[in-house]
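You will see two complexes here that share chain A, one where it goes with chain B and one where it goes with chain C.
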Partner chain A sequence: MSDADTRSLPRIVRNHRNAFGLVLAILAALTIVVTVVPGGREVVADVSGVITASYLASAFRLAVPIAFAALGGIFSEKAGVINIGLEGLLIIGAFTAIVTLHFLPETTAIWVVWTAFGLAVLASAVVALLFAVVCIEFKADQVIAGLAVWLIALGFAPFASIIVWENVNSPSFVTFSSVSIPVLSELPSIGRLFVATPPVFMLVVAVPLSWYVLNRTTFGKWIEASGEDPKTLDTAGVSVRKVRYAGVVLSGVLCGIGGAGLALNVGQFVGSGETMVDGRGWIGLTAYLIGNYNPIGAFLASFLFAGLDALQIQLQQIAGYDVSSTLIGIIPYVAVVIVLAFVGRTRMPSEAGEHYESDE
Partner chain B sequence: MSSGGRGSDGDRETESGGSGGSSDADRGRGGDWRNRGRQTLAWLVNASAVQRIAISLTALAFAVLVGGALVFASGFVASCRQPVIYIPLLGESCYNPVEVYWTMLEGSFGSLPNLARTLQETTLLLFTGLSVAVAFRAGLFNVGTQGQMVLGALATGLALVPLGSVLPDSVVGMLVAVPIGLVAGAVVGGFWGFIPGAMKSYADANEVITTIMLNFVATGIAFYLVSEHLGDPGTGSVQTVPVPSVARLPPTVDGSRFSVLALVGALLVAVGIFWLYDRTILGYELRTSGLQESAAEYSGVDAKRNVVTSMTLSGALGGIAGAIYVMMVHYRWQTGMPSLGFDGIAVSVLAGNNPIGVIPAALLFGGLKSGSFAVDFALGVPGELVVVLRGLIILFVAMPEFFRMIGTYYDFGDQPETAAADGGERQ
Partner chain C sequence: MSQTESESAAVRLDGITKRFPGVVANDDIDFSVERGTIHALVGENGAGKTTLMNIIYGLYEPTEGTVFVDGRAHDFDSPRDAIDVGIGMIHQHFMLVDTMTVAENVVLGNEPTKFAGLVTDERAAIEATGDLADRYGFDIDPTERIEEISVGEQQRVEILKTLYRGADILIFDEPTAVLTPQEVESLFEIFEELIAQEKTIVFITHKLGEALSVADEISVLRDGELVGTLPAESADREELARMMVGRDVLLDVERHSSDFGDVVLETTDLAVDDDRGVRAVDGVDFAVHSGEIFGIAGVDGNGQSELVEAVTGLRLSEGGTIELHEEPITDWSRRERIEAGMSYVAEDRQKRSLVMEYDLVRNGVLGSQRLPEFSDGLQIDWGYTRQYVDDVIDEYDVRPADPGAEAVSLSGGNQQKFIVGREIERDPSLLVAAQPTRGVDIGSIEFIHNRLLDLKTEETAILLVSSKLEEIQQLSDRIGVMYDGELVAVVDPDEVNEEDLGLLMAGERPSGLDVDGARVRVGGSHE
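So, the complex of A and B:
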C-alpha cells in the first residue's frame, strides 16, 4: 500500500494502520463466526459471559512473557540490531529461573525466588550480550544469528533439564505468591485485578517506562538515532557501538524478566516440544511489528493475544469448548501474516540490520 | 569496496549490504524486513569453493568444540555411577567429550543398521536442505520448510490411505502409489511455500517473518484437522490411519526404515537442482530475480513471479521431505514431527547453499542425528546435544568477520566477503 493510496484516509487511521487493520480483521472474523458457523451466536454469548475481572487478570499474567519480549525487541531493533532471538532469550530466562530454584534450599523465604529471578535476567542478558558481540564485532547476519540463538536455546534448555532432572520437564517448585495492592484490591468486582504476582506489576510499570525512555530521554534519542541515522549520532560524539550494545543487552534483560515471569508464575520448567515458551517470543515479535515499534501499541497487541489465550482456557473450563483451542492458538500468527500482507508495512528503523563502522 | 546504495525507486529500499562507509543519503528510505533476504548469506554464495569448504569445516569444528565443552561441563552436574574424570575443587565429571564424539561416530557409521539409520536421516535432510538452499540461491530465506514439511506429510498420509483397497499390493501398485504420495506432499508443501512467496512479491511482506509464523499456523492446522476430523479414531494419539503397505517404501536393510530408492531419488534431485540453477536460463533468472530484482526486471524478466516460483519450489521440496517421511519412516502422519525443516537450515548453511554441497552436509548431519541416539543410549548424554550443535553450526557460519580473522591469521586466501558479485554491495 503506497503512501498515495492511504492519503485519503483520516490521519488517525493512517498513523495506526496496523492496529486498525487488526481490529477490522477481528471484527470480520467475529461476523463470520456469528453468522456462518452453526451455533456461532451461542459461542459469542458464552465468550462475552466469561470476560470478567478474573479473566482480565489472567490475560495480564499471560501477557507477561509476550509483552516483555516485545519491549525487548523494540529496544534492540530501534538501536539497529534486529533481534529475532527473543524466543530463545525467553527460554534461557525461564530455564535459568527454575534451575536456580533447584540448586537453592527449598524454603518459602522470599530471597530464594528473587535470586532465581535475578539470575534468570542475568543469564538472558549475558546471552544477549554474546549475540551483540556476534552481530557487532563479528558482523554476523543478524537474522541468521538471531535464529541461531533461538535454536541453541531450544536445544540447550531440554539438554540441561535432562542433565539436572533426568527429564525434559522439571518438578514443581515453590514460587512467587500473589501480592495485593492495599485498598485497590478491596474494590468490588475489579479488585481481582490488583492481586497478582510481581512480574505482572513489573509489566504494568515497564510499558509506560519504556515509552518514556524511548520518547522523552536522551538515551531514547540515541537509540532512535542509532537505528535511523548512526552517522549523525557518531558525528555528535556518541558511540554507535555502545548504544547498540545497550539496546541489545536491554532486550536481554527484558526477555529475562519475561521468561522468568513465565516460569516463576508456573513454578516449573517444561522443556518438551517447543518448551513452555512455545512461540511466545515470536508472538512478542509480531506484537511489536503490529504495534509499529511503539511500546504502548506492542503491549496492547500482546494483551490482545494473551486475552485470546485466556479466553480459550476459560471457554474450555466453562462451556466445554474443545475445538477452538488449537485454532485460537494460531490466531496471533495468522494476524501478523494478514497485517504484514494486507494492511501495511511496519516502519522499520532504516539502518536496522546494517553494520555500522565508525570512521575513526 | 563499498560503493554506496544504488538509487532507490519509489518506496523500495535497494540493497545496501555494506557497512557504514556507504553514503546514507543514497540509501532508500523506509527500509523494511523484505530486503533482508537479498544480502542474507550472499557472502557465502559468492565465496570460492575452497573458501566455502574451509568455512564450513571451521564452523563445524568450532561447533563441535563448544558442544564438547558443554558436554564436559554438564558432566559435573549429571549423576552417574562411573565418573570419567576428577578435577580438584570442581568434582567429578560423568562425560568425556572425546568418548562422546567417538560413540557418535560409531553409532552413525559403525554397523549396517546404524548406517541405515544415518542414511535414512540423510535422505530426509537432503530434501529439507535442498528446500532451504533453493530459496537461498534466490536470495530468499525460507525458515518455513518445517511447516511445509508438516503439511506435505499430512497430505501424503491422507492421500495414500484410500489406495490400499484400490491398488494391488505389488510393484505395479507401488509404482502408482509412491508418485501419488510424492505429488500430494509436493503440491501441499508447494502451496505453503507459495503463500509467503506471493506475499513477498506482491505485498512486500518479509519472508523470514511470514515463514516463521506460517510454521506455527501449519502445525496448528494439521493438529486441528487430525485431532478433530481426519485422525485415526482407533487411537488416543493425534495421528492418521497408517498408510497401506503398497505405499511403504521397502526397507533396503532388514529391520531398518531406510530405502535406497529414496536416497537415490534425493541425490538425483540435488543434481537436478544444481543443473537447473547453474546451467539453465530459468535457473539464472530465478537467482537474479531474488538477488537483483531491478536488474532482472530491466532485462525483461518477471522478477516477482520468479520469487513466487522459487518459494513454491522450496516449499514443494519441503513437502516431498514430509512425503518421504510418511512413506519411508513413520507410515502415518503423527503430531510432533521431528524438526527436519530446521535441520535443513543448518544443512544448507553448512553447504554454502550449494545443491551439490548439500549432499555431504546432509550426510554429516544425518550422522550427527543418528549418532545422538547411540550417545544417549550408551553414555546417557541427552540427544538434544545435536540440537545445540545445529544452532552452533548456523551461528558460526553466519559470522563472516570471525572467519576473516581466522583467515588473516592463517592466511588462507582471499577474504570471503571481498568476492561479492551481487552488485558489489558487500564491503
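So, the complex of A and C:
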C-alpha cells in the first residue's frame, strides 16, 4: 500500500496500521467462520466459552518468554544491533535457572528460586555482552553472530544437561509460587487474573516501562539515534559504542528474565528437541516486527500468539476439538509474513545491522 | 601571505599542517577570521578545505600548528571540546535523525532533563528550540519530524542545533549544494541575521559567485596550501578561479548551436516508481535529438534519478513508453540497450560505474563486455581492452596514467574523466549523463564539459541530468525542469534566467514565461 492510498485514513489508524490490519484480519476470519462455515456459529460459541479469566491468566503466563524476548529485541535493534539470538538467550536463561537450583540446597525457601532467577538473568546478559563484543569490536555480521548465539545455546544446554543430570531433561525442582494481589484477586470472575507468578507481574510492569524508556527518556532517544543515524549521535558527543552495548546487554537481561520465567514456572529444564524454549524467541522476534518496534504493540502481538497457543490447549481439553498444535505454531510466522508483505508499516531502524566506526 | 596579529580574530590558525599517510592535506596554513564577519573558504575538491575545518572543529588533530579561538590557544581532542569554546559546524550531510522531531534533534546529546537527569524535559526542549527559532526569524515547528520537513528547513534545524550548543563561530560546509536558488537566498538572509547577532561565519564553498556575493573575505586553498586571502569587494571570479586551479580557466564554455538531427530518445507518458513504490516520475514526455544536449534541471530527489534509471534500463517503468531510434525499448534489458548504442555516466560513480578494487583495464571493459570488439562471446579480448583503456587514459588526461592502477586510488575527478572517456569512446548514439561533474574539481569539470560539447558535433544525443543550474544552462540546447516527478517546463536556456529556473524547480510558475496549459514551453520545438 502506498502512502497515497492511506492518506485519507485517520492518523491513529495510519500510525498503527499493523495493529489495525491484524485486528481487521481476525474480525474478517471470524465473520467468515460464523456466516459461511457450516457449524461455524457453534465453533465460535465454544471458543468464546473457553475464554475466561483463567484462560487469560494462562495466556499471560505463556506470553512471558515471548514478550520479554520481544522487548529485548526492540532495545537491541533500535540501538542498531540486530539480535536474532533471542531464542538462544532464552535457552541460556532457562537452563541457568534450573542448573542453579540443582546446586542449591533443596528447600522451598524463597531465596533459592530468586537466586536461580538472578543468575539466569546474569548468564543471559553475559552471553549478550559477548555477542555485543563480537558485533561491535570485531565487526562480525550481526545476523551470523546472532545465529551462532542460538546454535551454541541449542547445543550447549542439552549437552550440559547430560553432564549434570545424565539426561537432556532435568528432574523437577521448585517453581515460583503464585502471588496474589490483595483485594483485586478476590474480585469475582476476573480475580483469577491477579493471581500469578512474579514474572507475569514483571512483564506487566516491563511493557509500559520499556515504552516510557524508549519514548520519554534521554537514554531512549539515544537508542533511537544510535540505530537511525549513529554519526549524528556521535557528533552530538554521545558514544555510539556505549549506547549499543547498553542496548544489547539490556536485551540479554530481558531475555534472561523471559527464559528464567519460563523454566521456573515449570521447575524443569527440557533439553530435547528444540528445548523447552521451542521457538518462543523467534516468535518474540516476529512479535516486535508486527508491533513495529513499539513495546506495547510487541506485547499485544506476543499476547495474541500466546493466547492462540492457550486456546488450542483449552479447546482440546474442554470442547474436544483436535486442533493441531503445529498448525497453531505456524500462525505467528504466517502473520509476520502477511504484515511485512501486505500491511507494510514495519520500519526497521535505518542503520540496524550496520557497523559504526567513529572517525576519531 | 602575511598574518596580522589581531585582537578581534575569532579564530586564528597558526602554521597548521595535517599529514595523512602519504598525503599532506594542509601545509603550513595561517588563516584568521575576524569576529562578526563572513569568511569564505574556496578551493577545488581535495584542496584541503574540509580537512582544515575538521581541525578547527576538533575532528582531526593537526600534525603541526595551533588553533587560537578568541586569542587563546586550544588543543581539541574531539568536537565536544570545540563545541565548548563556541564552535559549531553545519555539515554538508545533515546530522539529523529523520525519525525524531526538530526539538529532539536540536537538544540531542545536551538534553534538558528532569527526574534526576534521566528523562528529557520535552517541554523545555520545545521551548528552547522555539525561542531560538524566533530569535533568528526561522519559521519552524519544533514538534515536526525531520522526515516531514523540507531540505531548507532541515538546514535551519542544523543551524539551531549549533546555536543551542552556544556556538559563536559557525562553520558551514558547502551549505548551498542541496538548496534551490530561493533557499540559497534565504540562507544568505540567515547569514545576515547571524552576523547582526555578532556571530562569526566560515563558509566553505566551491561556488565562486556565492563566495563573492556574501563573504567579507575569501581565502583560496589549492593542493593543501593557502594561496591567498582577499577582501571580497576587490576580488573577481577570474582571479579567484586562477588562484584555485593555478592556471587560467575558461568559466563560460561556448555552446555551439548546431542543427539537430532525428529524434534519438523519446519518452511518452513515462511513469516510474521509487524504491518504496511511490510514484517518482509521472507522465513525463520529452525527446532528445541527435546533436542535441537536453538538460534536465531540478532539485535532487524530484524524480531525476528514477527517470535516468528507467531510460538506462536499471529500473522498470510502470507506464508509458521509451523509444530509441523510434523503436520501443521499454521492455529491453540493460544489455540490449547498451548494444543499441546507449552509454551511461552514472550519478553515483563508485557504486554504479566502477568496481573500486579493479584496475582501470578491468574497469574499462565494464558494460562493454559483450560488444563484439571486446569479446568473442566466450573470452574478453584483453589486448583490445588494454588498447582502449590506454586511449581513454591518454585522451581524457586520466592521472595517474597507469592502466594497472586500481580505481580506488584515483581522485574523484580522474575517476569521472575515466568513466566519461570509457562511455564516449564507445561511439554511443545516446549518452545519458547523470550529475557528470558532481564532486569533481573545477579543472576536470571544464574538461568534461568540453568533451560533452564535442560529442554533440559527432551527432550523439545527450541527456544531461544535473542539479547544478549553471552547468545545465551552459551546456543544454533545451532545458526540461523536473518538479515532484513531473516535467513542469521545457525552456530555451537563452530565454530563461536563473531565477525563473529556480522558481520552476521549486514548483512555482514564474510570471513572464509563456504558460501553455499545465506546461510551460518556451522555444521547445525543434522538430
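As a working rule, the second predicted complex is superposed on the first by the 346 of 360 C-alpha atoms of A that agree within 3 Å, B and C clash if a C-alpha of one lies under 4 Å from a C-alpha of the other, contacts with A are read in each partner's own complex, and residues count from 1 in each chain.
Definition applied: a contact is a pair of C-beta atoms (placed from the backbone, for glycine too) under 8 Å apart; a residue touches a chain by one contact, two chains touch by 3 or more.
Bear in mind that the values here come from a model prediction, so they are computed numbers and not experimental data.
**Q** Where does A:S350 make contact in the superposed view: on chain B (first), on chain C (second), on both, or on neither?
**A** So A:S350 meets both chain B and chain C here.
**Q** Applying the document's definition of touch, where does A:T218 land relative to chain B and chain C: first, second, both, or neither?
**A** In the superposition, A:T218 touches chain C alone.
**Q** Would you mind checking which one, chain B or chain C, touches more residues on chain A?
**A** For chain A, the partner with the higher number of touched residues is B.
**Q** A:T286 in the overlay: touching chain B, chain C, both, or neither? Say first, second, both or neither.
**A** Touch partner of A:T286: chain B, not chain C.
**Q** When the two structures are overlaid on chain A, which partner does A:T235 contact: first (chain B), second (chain C), both, or neither?
**A** second
**Q** Please identify the positions on chain A that touch both chain B and chain C, taking each partner from its own complex.
**A** 2-3, 229, 231, 350, 359
**Q** Using the touch definition up top, name the residues of chain C that touch chain A in the complex.
**A** 59, 78-80, 83, 91, 95-100, 104-105, 108-111, 113, 117-120, 122, 276-279
**Q** Write out the stretch or stretches of chain B touching chain A in their complex.
**A** The touching residues are 10-11, 13, 16-17, 19-21, 24, 27, 29-34, 36, 39-41, 70, 74, 77-78, 141, 143, 199, 203-206, 208-210, 212-214, 216-217, 220-221, 223-224, 227-228, 336, 342, 345, 349, 382, 384-392, 394-395, 397-402.
**Q** Of all residues in chain A, which touch chain C in the complex?
**A** Listed in rising order, the residues are 2-4, 216-219, 221-222, 224-225, 228-229, 231-233, 235-238, 350, 359-360.
**Q** Could you please specify the touching residues of chain A with respect to chain B in the complex?
**A** 2-3, 82, 84, 134, 137-141, 143-145, 147-156, 158-160, 162-164, 229-231, 234, 273, 279, 282, 285-286, 289, 323, 326-327, 329-330, 333-334, 336-337, 340-342, 345-359
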